[in-house]
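Labels run A, B, C and D following the written order; every chain starts at residue 1.
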Amino acid sequence: MTEMATRGTIAEQHTHRDDRPFIRRYIFSTDHKIIGIQFLLMSLLFLLLGGMLAMLMRWQLGFPGRPLPIIGSLFPEAMVQNGIVLPEFYDSLVTMHGTFMVFFAIMPLLVGVFGNYLIPLKIGAPDMAFPRINMASFWLAVPAGVLMLAGFFVEGGHAAAGWTSYAPLSANSEYSGVSTGQIIWCISLIVLGLSSILGSFNYITTIINMRAPGMIWFRMPLSIWSLFITAILVLLAMPVLSGAIIMLLFDQTIGTHFFLPPKGGQPLLWQHLFWFFGHPEVYILILPAMGMASDIIANGSRKPIFGYVSMVLALLGIGVLGWGVWGHHMFMSGMNPTLGTGFMISTLLISVPSAIKVFNWMGTMWRGNIQFHVPMLHAVSFVAMFVIGGLSGVFMAASPVDIYIHDTYFIVAHLHYVLFGGSLFAIFASITYWYPKMFGRLMSPRWGKVHFWLTFVFYNLVFFPMHQLGLHGHMRRLYDPTQYEFLKPLQPLNTFISISAFLLFASQLIFAVNFIASWFTGAKAGPNPWHDNGLEWTLPSPPPHGNFAVTPTVYRGPYEYSSPLVEEDWLPQDRRLDRSPAPAPGGHR
Amino acid sequence: MEPLTDTPLAKPRAHHPPYIAIFAGLAVLTMTELIVAFLPWHKRTIVILLIAMAIWKALLVALYYMHLRFEPNRLRILAVAPLPLAVILVTAVITEFRW
Amino acid sequence: MINPVAALQSTNIPLSWLLPHGSSTFVGDIDWLYYLVLWITGIAFIAVEATLVVFLVKYRGRPGRKAYYTHGSLMPEYIWTGVTAVVVVMIGLVSAPAWGKIKGRDGVPPNAMALGLTAKQFEWHFTYPGPDGKLGTADDFELRNQLHVAVDSPVVVTAQSEDVIHSFFVPNWRIKQDIVPGMHIRVWFQPTEVGTFELGCAELCGFGHYRMRAIVTVHAKDDYQRWMAGSGRSLALAR
Amino acid sequence: MTHGAIAASAGVMRPPVDREAGAGVYNEKLGMWVFLGSEVMFFTALIGSYIILRVAHPEMWAPPGKVLNVPITAVNTFLLICSSVTMVKAFASAQDGLQRPLCLWLLATCIIGATFVGVQAFEYHHLIEKGFVPSEGLYGSTFYTMTGFHGFHVSVGVICLSFVTWKAFRGKYTSTDHRGVEVVGLYWHFVDLVWIILFTIVYLI
C-alpha cells in the first residue's frame, strides 16, 4: 500500500480528542510534547537572561570604569554605583552567566526539550515510560530556576565563586562576602539535579523498553542514540554533583569541614568531585547537539549518514572515555602530577571519537545534494565551529602548553567555540527544524537566514580574537584587565570584542521575534516539510495527544535518503515496500 | 512469547529462594563483624576482614533479596554499570594523598 | 563610543598566533610544543574547513539531481581513526617530558634557591632567606607584592595560601601554579633575562582578584646578593 | 495475556514479530534499577569523600566504639536486616497471591523501618549531647552527612512503603500484577545494602 493511503487511514483514526481541561493540557500536562515545549520556553528565557549578563560583563571589559549607558541607573547601589559595575557584582555576573547558560539554558534546551519531544516520537512510543514523573521533572526545574534568579536580590548579592564554585572561596562567606547567594546557588542546583535525574531515568527506560516493532538499536536515529547516552551521563554524573554540593552547603551552613582546610578539609576534593561530574557534563552539553546535527545534515544532504555504525560507536566511545578525563581541568591545581600525565593521554585520546564524527559528517555531505534550508545552515556551521573548538582543545590537552594558557581567555574562546559554536548552533538548527512539528507552522526562512548570517559573523568576531587575548596571557574572570601593564595593549581588542558581542546579542532578537511571530503567522507546515524519514514526520503537525493511533512498524534505518528503491529522494522508516522483504534485525546496511 | 515482560505467573509458584536462611546468614555475618572489629589484631587485617564480610552481605542482599540472580543478564549489567565509575573516582583521588 | 575598526587599527598587539616574548628556561619546553600543536591543528583546521567549503559548493542542491546513495565505507573510517589516534598519542608522548620537568615532584633542581610565598586575599607575601641564604633563620625578611630573583639561577618557591585558592602566574616565564590552602606547593623556575615583569593571580579568588598583582624583578647575579643584604632587607624593615 | 505495564501503553507494546527485546523487564522495574544506578553514584560521592578524607587524615578518627555507640547501632542494623526479610516475604506472598500475609509483612516492614529512623534520631540526640557535632571536625562532618542521608532515604522508603501497604490493604495487588511491591522492595533492599556498607566503614573500622 502506498504511503499516502497509510497517512489517510491514520488521520481518520486520530479521533480520540483529548478533552482534558486547559490546565491539565498545557500547564500540568503529562504529554511529553507539551513538556518539551514548556522546557523550550523556559530555557529560551534563561538563554536570553544569560546573554544579558554576558553583555554587562562585556561592557565592563570593553569600557572599564565607564558608566553603563541608559540602564546604569536601573541597578541597586550594591551592584552598580553611579553607572559603574562593581567588582563584587562582576564576579556574580561571571558566576551566573556560566550557571544559567550551562544548567538552565543549554542543558535543558538539549536534554529537556529535545529529549522530551523527540524520544517517544522517534521511537514510535505513545509517551514517556513515566509521564507523571516527566511532568515532575519540569515542575522541579521551574522552581530551581526561579530560586536561582532570586539570588540576585538577596543581601550580599548572588554567588560569586565562578560556576565551578571552587572551595574554599565558595565554602566560607568570609572569603567571598556572599552568604545567602551561595546557599541559594547550592539549593537551586540540588533541585535542578533531581529534576535532571528524574528526566534521564525516564528517557533511558523509554528508549530501552518502548521502541516500536522493528526499531532495533541500530535503526535508531543518531539523535536518539545521543540522547540515550546523554541520559546515562546525566543519570550517573548529576548525583555526584548533588552529593558534592550538599557537602558544600553543609560547609556553609552547619559548619562541617569537607572543603575547609583549617580542620583537615580538602579543597582539591571539591575540584575532583565537581569535575568528575563536570566533564561528563561537557559531553552532556555536546552529544545531543551532535546527534541532532547528524539527523539534520543527513536530511540536508539528502544522503544516508556516512558510517552510521562508527557514528554510534564514537558516541559510545565518548560516553565511556568521558569518565576518565576530568583531571585535565585540574592540571594547574596542584594535583598529583603523575595523575596529570594519565589524564593528558586519556584527554588526547577522547579527541579521536570527536574527529571520527566530524569526518563522517563531511562524508555525509560528500556527493550529496545539499539543501541549504535554515536548519542545514546552522548544522553546517555547527560542524565548522565545532572543528575549531575541538582543535583548540588539543592545546589544553597537551598539559605543558596548558601551563601557559590555563585560566586565560584561550580557554574562554575554546569553551565558547564548543558551547556556542557547537551546542547553540545545533540548538538553533534543531529548533528551526522541529518547530513546524511542534507548532504546525514553519519559522520564516528569510528572517531565519538573516539571523543565521548575522549570528555566524558576529559570533566569530566575538570569540575568535579571544584566542589572541589568551595567547597574550589575558587571565579569565578579570574585572578590570587594565590593572596589568602587559594587558593594557590588549584593551582595544577587548573593546572590539565587546562591540561585536553587543551586535551578536542584538541579532538574537531577530530569532526571538521570528520564533514568536511564526507561531501565529508562519506558513502551515504539513506533516513532513523537510521530507524526512523519521517516524515523527508521519504524524500531523503538531502530533495528537498519544502520538500514534496505530503503532508504526519500522522497516529500515532513519537515513534512507536518495534510495534507489523509490523515485522520490526520501523513504520513511515505517513505509512497507512490497519489494522489500520482512525487516531483518540489523537491516540497516 | 513476550520478551518484554516477566509475568510473575511465569515463575513457578511456591518456589522462592531460601529467604529466612539468607536472613540468618546476614545476622551471623553481622555478629562476626561486631566481634572481629574489637579483636586485638593488626588494624589492616581487621579492615580487610570487615570489608570482605560487608561485601559478602551486600552480595547476599543484591543477589537474593533484590533477586538480581534471577534477572536477565541485560539487567545485571545495567545494575553493576556504575560501580567501575565509583572505583575510578575513589582510587584516582586517593593517589593525591597516599602514593 | 569607539568604532570597532578604528579600535582594531589602533591595536599594536599582533593579531597573530605567535606567543609573546618569554624569558625563562621553560619558554623553550613550552613554546616549541605550542608551535608543534599549532602546526598540526592549523593544518587540520585548514584542510577540514576548506574541504567543507568545497563540498558545500560542489554538492549544492540542484533540481533533478539525486545524491549518491551510500552508507559509507570502512576503509576511510579506519584511515582517519588511525591517523588521528597516532597523531594525538604522539602529541601526548612528546608532551610528557616537559610536564615532568616543570611540574614533576622530583623535577625541582637541587641547587634551587628557596623562597617562601604566602598568598592571601589579595596580596602576595614573599619570604626571602636573607644574606645567609637559608629560610627559617633570623635574617629572613618578607616583602609584599614584590618578587626579586637572580637571573640564570633556579628558584623554588614553597607556596601556601591563608584563605582561598590563588594562582601564581608569570606569563613571561610561562609558569602557572594554583596555590591551595592546606597544601605546601613547590613552584620552580629559572629566569633567563634581567628585567621587570608582572605576576598575576589566575584563579578567581574574590572581588579583588583583578588587582592581586605583584612586580617581579630579575637581578643580575652579583647584584642580587647585594640587594638581598641591603636594599631588600631595609625595604622590609621599613614597613 | 500482556503484563499490566504493557497494557498501560496500549497496543503500542504488543510484542511484534521481530521486536528487539528491551531490558526483558517491565518499565517500573527497569526504571527503579536505573534510578538505583544514580543513587549508587550519589552515595559514591558521599562515601567516596569519606574514604578519601579518612585516608588523607587518619588521625582525625576515633577508634571504633570510642565516640559512636556501637551496641545501639548493632541493634539498629539488625532491625534493618529484619525489615529486609519482612519486605522480601511480603514480595513472596504477593507472588503467591496471599493477600493477608502480604499486608502483614508490609506493615511489619513499615513499622521496623520507622523504628530504625527513631533509633537513629535517638542516637543523634545522644551524640550531640556528648558534644559530637557536625562542626567538630572531619569525623563529625562525614558521620552526620552519610548516616543522615541514609536516614533520609530510609524515611522516604517508609513513606513509599506505607503508601504501598495502604494499597495492599485495599487489595490492589494480585499474583499477576504486584509491581508496586516489587519496586518499592528493590528500593528498600538497596537502602539496606547501603547501610551494610555504612555500618562497617563508619562504625566498625
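Descriptive notes on the structure:
Everything that follows uses one rule, which is that a residue touches a chain if its C-beta (ideal position, glycine included) is under 8 Å from a C-beta of that chain, and two chains touch if they have at least 3 such contacts.
Here the structure is a predicted model, which means the values were calculated and not measured.
In terms of C-beta pairs in contact, the better-connected of the chain pairs A-B and B-D is B-D. Using CA-based centroids throughout, the chain positioned farthest away from subunit B is C.
Centres computed as Cα averages put subunit A at a distance of 37 Å from subunit B. Work out the mean CA point of subunit C and of subunit D, and you get 49 Å between them. Subunit B and subunit D have Cα centroids lying 14 Å from one another.
For subunit D, the set of residues touching two or more other chains reads 13, 19, 22-23, 26, 30, 34, 37-38, 41, 44, 52, 56.
Annotation for subunit A: residues 209, 236, 240, 264-266, 268-269, 273 touch two or more other chains.
Shared contact sites, meaning residues of subunit B that touch two or more other chains, fall at 4, 81-82, 85, 89, 93, 96. Pairwise, the chains that make contact are A-B, A-C, A-D, B-D. Of all residues in subunit A, those touching subunit B in their complex are 209, 236, 240, 266, 268-269, 272-273, 276, 323-324, 327, 335-336, 338-339.
Put simply, subunit C touches subunit A in their complex at residues 1-2, 4, 7-8, 10-13, 15-20, 26, 29-30, 33-34, 37-38, 40-41, 44-45, 48-49, 51-52, 55-56, 59-62, 65-72, 76-77, 80-81, 84-85, 88-89, 91-92, 95-96, 98-100, 102-105, 121, 163-165, 167, 169, 171-172, 174-183, 185, 197-198, 200-211, 213.
Per the touch definition, subunit A reaches subunit C in the complex via residues 86-88, 90-91, 94, 160-162, 166, 168-169, 174-177, 261-262, 264-268, 301-308, 310, 331-334, 337, 340-341, 344-345, 348-349, 351-352, 355-356, 358-360, 362-363, 365-372, 380, 383-384, 387-388, 391-392, 394-395, 397-401, 403-404, 406-408, 465, 467-468, 471-473, 475-481, 483-486, 489-490, 492-493, 495-496, 499-500, 559, 561-564, 569, 588-589.
Note for the complex: subunit D touches subunit A at residues 9-14, 16-20, 22-23, 26-27, 30-31, 34-35, 37-39, 41-46, 49, 52-53, 56-57, 60, 134-135, 137-138, 140-142, 144-145, 149.
For subunit B in complex with subunit D, the residues that touch the partner chain are 1-9, 11, 13-14, 16, 19-20, 22-23, 26-27, 30, 33-34, 36-38, 46-47, 50-51, 53-54, 57-58, 61-62, 64-66, 71-72, 74-75, 78-79, 81-83, 85-86, 89-90, 93-94, 96-98.
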